[in-house]
Amino acid sequence: MNAVAESRPIATGSRVEVARALRKIGYVALNTYRETVRDKVLYNLVLFALLMIGSSYVLGAISVYQEIKVIKDLGLAAISAFGIVIAIFIGIGLVSKEMEKRTLYSVLPKPISRSQFLLGKYLGLCLTLLVNVAVMTVGLYALLFLMRHPFDPALLKAIFLIYLELALLVAVAILFSTFTSSILAALFAGFVYVTGYFSSDLKNLEGVVDSAFLPQLTRVLYYVLPNFKNFDVKAAVVAGDPVPLSQLSWATAYAAIYVALLLVASCWIFRQRNLK
Amino acid sequence: MLTFLPSEHKHNRPAASAVEANRNDVRAVETRGLAKDYLAGSFLQRKKRALDALDLEVDEGEIFGLIGPNGAGKTTTLKLLMGLVFPSGGEARILGRPLGDPEMKQQIGYLPEQPYFYEYLTGRELMNYFGQLFGLSREERDARSRELLEKVGMTEAADVPLRKYSKGMTQRLGIAQALVNRPRLVFLDEPMSGLDPLGRREISLLIRELRESGVTVFFCSHILSDVEQLCDRVAILNRGKLVQAGRLSEIIDVSLRAVEVVVEGLSPDLESRIAGSFRELRRQGPRSHLSFPDMPSFEKALPLLIGGGGARLVSVNPVKETLEDHFFREVKAGARE
Amino acid sequence: MNPGFLIGALFLAVYAVQSHIDETFGEYRSTEEILYIDNPRVLKKAMLGYENLAADLYWLRAVQYFGGKRRDVTNKNFDLLEPLLRITVTLDPHFKIAYTYGATFLSEPFPQGAGMPAKGVALIDDGIRQHPEHWRFYLDKGFLYYWYLRDYKKAAEIFLEGSELEGAPFWMRTTAGRALAQGGDRQTARGLWQMLHDTAETPQQRDNAAIHMMQLDALDQLDALRRVAARFEERTGRYPQSWAELVSAGLLTMTPVDPTGAPYVLDPASRDVGPSPESKLGRLPGH
């Protein structure tokens, strides 16, 4: 009777039960946020990001007539790069670390399903990410303000897409952490980011390479791997080129669907896992 | 002293009659052929049976002890019951419901072995979090947290981050969090570990209190004296198999095994007069330690010992078999098979 | 619901959304990538020792964006070809193929290429500066002058210069001679394209040469067809109205098709024959 893994649905349909289930996911999320946001390493990372943003001031002063551009370029790059490190770093704090440190042991026997737990974790981490990105954004705008540069809302578009990118990356990290150790999950997530970023360069190999099989393979990989280039509008925003809202919406749609995919897969694996 | 009245079940009967009254109720815990295999070995993955066809029954309102040497399968059993790992065979029910049932989970509490909690939360925040997971209202959570933290002596440390807790403090918090929801049934894995003698005494008292309020307590321990003191029923595991299970009084031979007597000033003359009745004699300075095989033999020698022959009776100690004796015997027998 | 099924459905959704994004915003994305770091020397410094890898990446982009199946002829943005190739060779000056590829496709007239032979020459000159001993560059440069810039004298000079380098094939000398002597001769041109076809280093260069040879064949065929039409006019006193007339007159065996299989067009109004506008031959060269 109990030889199979937990196979109960998350909510059995009644509205009250759904509300209750959602509330529990919310509690897990808030608690995850509280736990991760106090991590000292996180503080240091954000601090470094702010330092890097601040240092762009120096670089800006060197390049004649290009100070603002350099500050914006470097600022966005810092938010993105540190965001990636933070996303992966807190991503591994998910299932892997919980399993390794056994904090899960006291939570799962409580009346909460494994799926609710995982979803709550994900949302909590997204919240942490949001706060970190917001802090870095404020830092960047503060610097620009000090440089007497008028408020440029276009930067927010780039930062919004960076945030989506990070939310997607965290979901990738979650998936890996359901079945590998912390360190491997971090490495795999980083690897997926790099290949996902460059996959678009490989999608049109027909006519370029003599083999018939290789272009098909890279084409499939291009669609299967998460395409992080969809979220990169830094250059356009800094150059002042228009970024249409439709582009933002489609990128959001892509992120939402892919994240859903990753979370479904993660829950599926997690529900069957025997904990050490 | 605070009593722990479970919200749904009010047991006000004295503990002694709990067993008889329960026979028609649903059992607290029931397993049939519960088994767990692991893949062991780094290269050639071989199947290792951590738990082999366990049949267990625990009634409501009793204190049940699961004992065995390290690696016997005690923690595995608890992990299976808690849904942390999934059985390779057999089945189990808690409070009449299948494993993983959310309504059942609402009514139980669990303390894991060597508990580890979120480092950056404080004790109070953790209690609050778990209260949230049980669906308690804010007032209930606050009240319960305060009550339980005080009960386990953690009120001062309540706002200190958990990473600063000592092992004993973590253990106490662990017990507190197991009781947040006024459970009907509590599972404790090595509840005394990490506690100093004072702490162990407190927890023993707490476990007894729980039973007074009708809560069923299921705990694993390798400290047999604790188990002997507290448990109504016991199950002995060894190498994944159930060796023996039943009421403590049934398992241990309650009859006397010996009567140990200490006498001062036993003259050789007196010694020869009681020679037939005792089994052993050991001299230690002015005192003699005598061991009589049973009460009648002692009673025969008694008048001579106090009859003014110069001897003085220091102490009389009836000796029963302890759980430890029994346990070693059973386990050693098992090892020889 | 079966999670596997749900995951499959979501992957399909991902594919759909990604395709839409590529279609609507694809062009835009590639442009901004290149312009992000416009100075190749800065890029080189930023690469921190991975320049060769980065060069490969830019080469891949160059070849992909402009070399793929030529279905989006209208979408080709050749503005980025030169910067991409420049970045590639700056990052890795040993990337010889980038120079020769650039020579070909920068010089090819639109829509096959960028139509900027001067830029092609500039790129090849860079190559020669970096690798003065590499005979291939002289072949490419000479050909640029021969075919695209129509400077036969200069072409011959360059072929000659290149033929003296170690490893240069023997026919470079004779090519020089022929270029000088026969200038715009179709036969010579065909020979040169054949040579480029045989020594091509990428499938695109090979296909490009093949198309040019077919174009020359087409020109020959058109000349033959004009003679046929003229003979018909001599016989009947008027210009033929259709190929069918010529076939029934016994002057043709069937409707003539060009080397790509597209039928030729006979236009009685202008009294001329020509390739079909849908033919993959593209615009035929002037002579």
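For reference, chains read A, B and C in written order, and residue numbers begin at 1 within each chain.
Going forward, a contact is a pair of C-beta atoms (placed from the backbone, for glycine too) under 8 Å apart; a residue touches a chain by one contact, two chains touch by 3 or more.
For clarity, every value in this text was computed on a predicted model and none was experimentally measured.
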Open item on the list: If you average the CA coordinates per chain, which chain's centre is most distant from that of chain B?
Closed with: C
Task: Closest chain to global C-alpha mean, per-chain Cα centroids - done: A
- [ ] Round to the nearest whole Å and give the separation of the Cα centres of chain A and chain C.
- [x] 43
Open item on the list: Using mean CA coordinates as chain centres, what's the gap between chain B and chain C in Å?
Closed with: 86
Open item on the list: On a C-alpha centroid basis, what's the spacing between chain A and chain B, in Å?
Closed with: 47
TODO: Please give the residue numbers of chain A that touch chain B in the complex, ascending.
DONE: 1-6, 8, 20, 24, 27-28, 31, 34-35, 38-39, 101-113, 272, 274-275
- [ ] Give every residue of chain A touching chain C within the complex, in rising order.
- [x] 198, 201-210, 223-224, 227, 229-230, 232-236, 239, 241, 246-247, 250-251, 253-254, 257-258, 260-261, 264-265, 267-268
TODO: Would you pull the chain C residues touching chain A in the complex into a rising list?
DONE: 3-4, 6-7, 10-11, 13-15, 17-18, 20-21, 24-25, 28-29, 32-33, 35-36, 57, 60-61, 63-65, 67-70, 202-204
- [ ] State the interface residues of chain B toward chain A in the complex, per the touch definition above.
- [x] 79, 82-92, 98-100, 102-103, 105-106, 108, 110-112, 114-121, 125, 129-130, 132-135, 161, 174, 177
